[in-house]
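Report on one structure; see the data block that follows.
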């Protein structure tokens, strides 16, 4: 569950948001510059609120007035970045397994789980290729798998299908929707493509300038 | 203040500094040339006479004494300028063999001249112009209680010269005479007599065997323990004109000065013994 | 397609040719003096072996010391905005610019047993004497080598995109975990380049070593010191060791080429 009532700041940009997200998939549409990415970064803990309160699953994660700030690594969030941000020195499966390895799981076991997830996103064939050699679409799918693998309670997706070709879009959209539904998490999807939002999300928040 | 104003300000300051420096150096250049001109005029022994420079390569232990000898020599011979090159005698032999330009060679022994004689780089035998002995020096306060070369092994680090330099050879002879063996792992070898002295004076070597003249110069900073004459060495310092010298006559003049009573007086004031 | 930028004027070509000749002739001159038949014997005689052993041990330790002290320093310089930043950067570059002998004198001023800043305390309280010991060699070498490492690491850290660390943070990696799993692998080219340059510099250090750690055969006489000492008494040995040092440095530099270029083009 995500509850945000406050100002999101990023450099000179500042905007007030009121957001309540339960076990649903909410889509955010809006033009560039309306603060969508900053919103996601704030929820993830990569930026701090200017003012107000952010709670995740009932626990206050960010409250400047009370000097409360939970570090991103403690927020149990899965995030798909706009430019996927896969580690260039790791293979696809190592990348996907990273959230598990980082939390202490043995590499072998983590890789097995990662491989299964990659299969579901149809990128198991490039599992052992190094990340920089993957195509945009493949990287994106690995990034999505990486975001979902740790069973996070909150999932943030920033333009998750931007690099995926027209033909595969429907399949990937359905795949994402299936996983999100199954996990029963709170998810926030940012996209400029209305079809993505339409197919994946259960609710839409429209932020225009 | 925007970046462009900072930059133009900096540029302004920079160009102003450059202009000032340029003007200053211009002035200095003018002043210097006027001065030089004046000097040349004041030089009574021949208006506009050019100074002849002779290079004297001398053992490091001769540094202070020779610098003063040089000063006195220049006073009585205003047309000659002495340029010194101090290093260990063995280094100087190498330099001269490799063709380093030198007019006079003064060494802390006579052996150094042998190679040069065989190669025809010097003529005749070197003239002995002074003698020197060695002393034992320890850190002032003598915390380790060293009383003679006999208990030199009390020291953790002993400073000596390189094995090939005369001061290293002499020190080795003295140590052998005492029947003492000092492990090489305790010996720090300075490149010349001055370096060996400095290791005890400025550094952390506990003791060293150096020339008596060097010990004398540092007597305020170290404790000097005399080495008795029977176990001591008597170093014979030799001087010779280099055959390839282009200023043979002037070089001979310098050698004569060193050997003169005035030269000998200066040398003994620094602790050197009479030849 | 020739553009103005890619045409090289004749005078530039000639200048470059002279530059190459200037730099390569000394190497040729050295190779000429090496007596190849006795090379192995010269290198394996006891004083040479000792010098090589001391050099290897000290230079590797010095590089490690430079890394332990230099990595945090490079991090702060690259990523933290602090007030005395310019002063610290100048300080880091200082050992690169001052004459090595001066560096040795400065080190004596701090660690000298007799009247050094800390040396007296170290000796009276702990009985530690850094001068004329292998530790003196390591400290002198680390002092001159550190700037190379810090510069390389700072460059690498600056050019690193923080998005990878952000991704790692969101997926649950702690500070140390992020450093180990993301920063270090990304820093590898700069790290390798910096370490190799620092090591080569430490290996070749002379002025600070001889002033601070002395010239004790078997204890502090590193290879450069041995070359200098041997020049008069055993020139063949000196040339043999010199050849070895040059060969090692050439190997380092050729091995370095690709990695360094890789690091820069990131």
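Just a few scattered comments:
Labels for the chains are A, B and C, by order of writing; each one numbers its residues from 1.
Definition applied: contacts are C-beta pairs under 8 Å (C-beta built on N, C-alpha and C of every residue); 3 or more make two chains touch, one makes a residue touch a chain.
Predicted, not measured: the structure shown is a model, and the values here were computed from it.
Averaging the CA coordinates per chain and comparing them to the mean over all protein CA atoms picks out C as nearest.
Ranked by distance of CA centroids from subunit B, the top chain is A.
With each centre defined as the average position of its C-alpha atoms, the distance from subunit B to subunit C rounds to 33 Å. Separating the centre of subunit A from that of subunit C, both taken as means of CA atoms, is a distance of 45 Å. Chain centres here are Cα averages; for subunit A and subunit B they lie 76 Å apart.
In the complex of the two chains, the subunit C residues touching subunit B come out as 108, 112-114, 119, 129, 131-132, 210-211, 214-220, 228-229, 231-233. Of all residues in subunit A, only 44-46, 71-79, 81, 83, 85, 87-89, 98-99, 102-103, 146, 150 touch subunit C in the complex they form.
Chain contact summary for the complex, subunit B toward subunit C: residues 90-91, 93-94, 139, 156-157, 159, 162-164, 184-191, 199, 202-205. Per the touch definition, subunit C reaches subunit A in the complex via residues 163-164, 166-174, 177, 181-182, 185-186, 188.
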